[in-house]
Amino acid sequence: MIKAGVIGATGFSGIELVRLLAEHPQVEISLLTSQTYAGMNISEVYPHLSGKVDCILSDLDPEQVVAESDVIFIALPHGHSAGVVKEAYNQGKKIIDLGADFRLKSAEDYEKWYKTEHTAQELLEKAVYGLPEVHRVKIKDADIVANPGCYPTSVILALMPALKENLIVTNDIVIDSKSGVSGAGRKAKVGMLYSICNESISAYGVASHRHTPEIEQELTNIAGEKVNLLFTPHLTPMTRGILSTVYVKLKKTLSLEEVRGIYEEAYQDEYFVKVLKPGIWPGTKLVAGTNNCFINLTLDERTGRLVVVSVIDNLIKGAAGQAVQNMNILFALEEKTGLTNTAVYP
Amino acid sequence: MIKAGVIGATGFSGIELVRLLAEHPQVEISLLTSQTYAGMNISEVYPHLSGKVDCILSDLDPEQVVAESDVIFIALPHGHSAGVVKEAYNQGKKIIDLGADFRLKSAEDYEKWYKTEHTAQELLEKAVYGLPEVHRVKIKDADIVANPGCYPTSVILALMPALKENLIVTNDIVIDSKSGVSGAGRKAKVGMLYSICNESISAYGVASHRHTPEIEQELTNIAGEKVNLLFTPHLTPMTRGILSTVYVKLKKTLSLEEVRGIYEEAYQDEYFVKVLKPGIWPGTKLVAGTNNCFINLTLDERTGRLVVVSVIDNLIKGAAGQAVQNMNILFALEEKTGLTNTAVYP
Amino acid sequence: MIKAGVIGATGFSGIELVRLLAEHPQVEISLLTSQTYAGMNISEVYPHLSGKVDCILSDLDPEQVVAESDVIFIALPHGHSAGVVKEAYNQGKKIIDLGADFRLKSAEDYEKWYKTEHTAQELLEKAVYGLPEVHRVKIKDADIVANPGCYPTSVILALMPALKENLIVTNDIVIDSKSGVSGAGRKAKVGMLYSICNESISAYGVASHRHTPEIEQELTNIAGEKVNLLFTPHLTPMTRGILSTVYVKLKKTLSLEEVRGIYEEAYQDEYFVKVLKPGIWPGTKLVAGTNNCFINLTLDERTGRLVVVSVIDNLIKGAAGQAVQNMNILFALEEKTGLTNTAVYP
Amino acid sequence: MIKAGVIGATGFSGIELVRLLAEHPQVEISLLTSQTYAGMNISEVYPHLSGKVDCILSDLDPEQVVAESDVIFIALPHGHSAGVVKEAYNQGKKIIDLGADFRLKSAEDYEKWYKTEHTAQELLEKAVYGLPEVHRVKIKDADIVANPGCYPTSVILALMPALKENLIVTNDIVIDSKSGVSGAGRKAKVGMLYSICNESISAYGVASHRHTPEIEQELTNIAGEKVNLLFTPHLTPMTRGILSTVYVKLKKTLSLEEVRGIYEEAYQDEYFVKVLKPGIWPGTKLVAGTNNCFINLTLDERTGRLVVVSVIDNLIKGAAGQAVQNMNILFALEEKTGLTNTAVYP
């Protein structure tokens, strides 16, 4: 059994991690930390875990959590991981950071977009961007896995086949993403109150969202040339899910069948990514509660653009589920272990 | 492997059954029928099943479905089960009817409340009311399991301990239930449109809902004396879940601790039913997607009433999950097999 | 023009008051205060008011607000009104308090249920409970109007005709209310986050909610004998609206027509209260955005109970709209002035 | 008083028209027709109108409705207006068609996108596209007003200032729109059930939606050169509202202040259109229940694109409200008459 510790266990990503780890056949939870609820049983904070997870939440003591765990999941806001990551790295323990601290290869980019100093720059090169469908081989041997952001996961999976095959113009990419409110986390904020969010969709972080450089970095890697894109997220009145609608220009004329063929081939061996049949446009609910990504696409002959739509559950494939998928790779388990459930629908 | 056929596989209860059966370790789906979608692959109707269930939907041929199955689940509206049930009974196959046709012991009551003739009255005495927490022993040997209604499940579990111990006045019971919209099924009705249901709660079937005699029958059985109750359901702007608030009068003075003790003891060995800690009032989301029932209660000293609140997922413990639980009992499997998942929260 | 000041203008009740006052043909807003946003233009906090209300929010200075206003609306949490109320009373200005401080006639009850000292007890006898359908005549001459709570408004209107006519048993009343989330106000709390509230209904304040003594006080007044009741509120996944389902026992046998007749007569001259036709059970959406209360009822012959269902918009008839209705009475305007809009449906 | 008839009064656009007309100070409803509910009082179908509109619904008799009305509003699905429009035109009565039949100037385009024959082609040239902010002068004298589609309204208002000033590249326009479910109308369809729509956002009509040629026609008119665009609508889990996010390329380098200046100037005299302050991105809830359109925009220097976000209420500015605005123009009333209410928020 793998001993897994979760730092920040009571945020929304944290609690999904706890659920997935508790149901994972080869994991034993070693330690859960929570700044807010230390000392309480996690099932008092989250009664849906009653009878499933009985664990007293601890204050964060980096030495202790590293000592007691084989793998440490960090589910903290960005800027808070350095201490634990250093300790874990020094003790040779595996780290999966769900925050943003190790996603950008460039500390300069990090400091520009996140407006905070990066205090563990020396470890950036040890980190692997944990999108298994792209970096599976490298993840296997990584010390630190930088678990991707939720939006980037949905966008990179939507564009990887097209970029890999050099189909699209790399400086004319428009990405319009729609996220459920849980993406904003569990912190009490007026803007995330039910009464404010319900019956309203709005754009935010327009032309300035921090996931922009992350998406560009990864798409640039895949394309082999500089990608430049415009990314606009929207807050949508639903708890779960991200839908990304991606608009790109083809470099040359292709039929829809050819493009579909490339996507289907790219994902034919991927357990979690599925290209739906023509005409079936995925809603986020189809993947809610799962580690799946559903994709469909079409060509608009009138404008010469390819439209790709992808959906994920922001807290699972976009956070906790992908983290478990990465853990499975790190520990040489079957990649889908503990992640095979179907969506509860409707 | 148990060969399971589902009749009416594309309704909301049907599709949940399909999901649960597909994930069940000891079941093989033999046949799925659908009046509306016969000839289509079920994953075209429900893309969340893509890659999980590949099965062409059939027209209903009672002989065929009985011949090919060890157990037949019927997920049809009331009044449509007689043909298959007779065929299955005659062939010695197990039947689990999610509809209302075999729940009421009295054909007269059935015809009064459902305003339709009962065409298989001779089989009523072969049917066992499939609430395992009450009738587990009888279910084991049943030919026909009448799977309980969603409201009755939530109410009976809320009152069983109190009635069994003779704590409450049996003719002064007020039940106020709130259900998500999925309880109304997948049929297109104006009243169930998103735009009509959203941002609105309303009462319906006031003093006339068909689950009233079902609840009374079962509570009367448990109490050993005639129970008379008032039941009012409400349509609530959410997809899943039932919350029942039950107001009863104590026969004699008891402390809250005494009543809690009785409830905790009654359910201490039940995997699916949980009495939450004092002060934690369950929301429906805590059990969404699971076969669980969470309960809490308090005494109102000012009026001498006991208030019990229970929550279930109407499509799982209130339908498909309980049906699988019954199948597990019928086939001598561990009762919780295939039903152990935790709620996806939030 | 009446000069109206609003204290606590940026809470949910406050902002509805501002909207209603801005659209009122005989009101001029004199001053809006806000602890959190003092110094900002209200349309920066609430952009829906852009071009409608241009007003810089002030810090609360009781002398100033009283000096500049003919009527002062207080939309603060309970326990914060004493200072302004005293100042206004001394200066002979009219006060409408949307909080709870002047609703209970007994300071002892107040201190027991609200667990805080009452610091303006000498003014309790000057306050009139501002439910116009009950206390219209007294309100006309009141100095202080205690604007009713949202739940009490829905419940008192549901029971007034029956109690006035002495139809029902006064110590056997069960009230099950369901409220939208806006009732909890605009304060950032984890429990009111979209992701927590959505897709979940739950009970709270069971047998302990502070509106209990308020409802009892008023029903006792109407009945002319001590009323004892059990009140249970539920948090419902919608922004607006309260639906109260009230279960009472008839003192003697009456036909449904007789009871309906009593209700219809009681409300025939009320502009805002409407008894719907038989069989049309009101959803909260029917009154959203309005000052209306819709009611329907039936008799359950099986249990001898009368079931009354009422719906209001918690922020309008349950708060700001009723406050404006009270102002209209205080200033001898037509009572419906500024409150005649129809619900925006669906 | 203007005598107004509404054909198709019980659809969602129809019922909003009825509400607005009933509250309009210079209108008297002459006749309401409904195929489904003819013979019933409208307040039985829509109880929120109880006490506000008492009118028996009629079958559609074109001669009668034209004879009894000064203006006829048609709120039918496309393809059903020809008969009434011809009759009204011949009798010299004003027509406002909320359907799509008279929006496209080219019958060929109509038949290509709507896949049905146009049976009143001779009247196409009599119709004026009823977006007052663009065609106010022509509307004044129109016989037939083609009330714009909901999506086109939100998009044209978002782009008009930029196109008028020749700021943007006309063949590189990406439009990503998100609509509430009420846009799909009141017809019972499985895909519009609460349980299907809730907690899910999805794209539909990708690269094929019928509003595409309508938007292109109008933008081409404004730009004075051929506009070619890609339009993708999304079904969003909310009842009301459209948010359109529009991505365009600037023809030359401009500062954000310059572009904002052009937008602010363009709309400075428009009562219903408002450019919000920098950084305040409008949510659909800000305009729900109103005839307003709120806009904001920014420049993305990284990609040289302008991003414009607009929000409207799809049933008001996107349908019934705009129809009343058009009526006001036709009858030389102040344009905002009956349309000045503020959003009910939250």
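Here the chain labels run A, B, C and D in written order, and each chain numbers its own residues starting at 1.
Please note the rule applied: contacts are C-beta pairs under 8 Å (C-beta built on N, C-alpha and C of every residue); 3 or more make two chains touch, one makes a residue touch a chain.
Quantities reported herein were computed from a predicted structural model and do not represent experimental measurements.
Following the contact convention of this document, B, D is the list of chains adjacent to both chain A and chain C. With centres defined by CA atoms alone, the chain at the far end from chain D is B.
Chain C and chain D have Cα centroids lying 36 Å from one another.
Here the CA centre of chain A is 38 Å from the CA centre of chain D.
Computed centre separation for the pair chain B/chain D is 45 angstrom, with centres defined by C-alpha atoms.
In chain C, the residues that touch at least two other chains are 12, 180, 182, 195-196, 198-199, 237-239, 282, 285-286, 288, 346. Residues of chain C that touch chain A in their complex: 12, 180-182, 186-190, 192-199, 237-239.
Partner chain A is touched in their complex by these residues of chain D: 171, 174, 176, 178, 180, 195-196, 198-204, 206-207, 212, 228-230, 232, 234-241, 243, 245, 247, 281-286, 288, 298-303, 305, 307, 309, 311, 346.
Note for the complex: chain A touches chain B at residues 12, 15-16, 19, 22-23, 44, 46-52, 182, 198-199, 239, 274, 276-277, 280, 282, 285-289, 294, 341-346.
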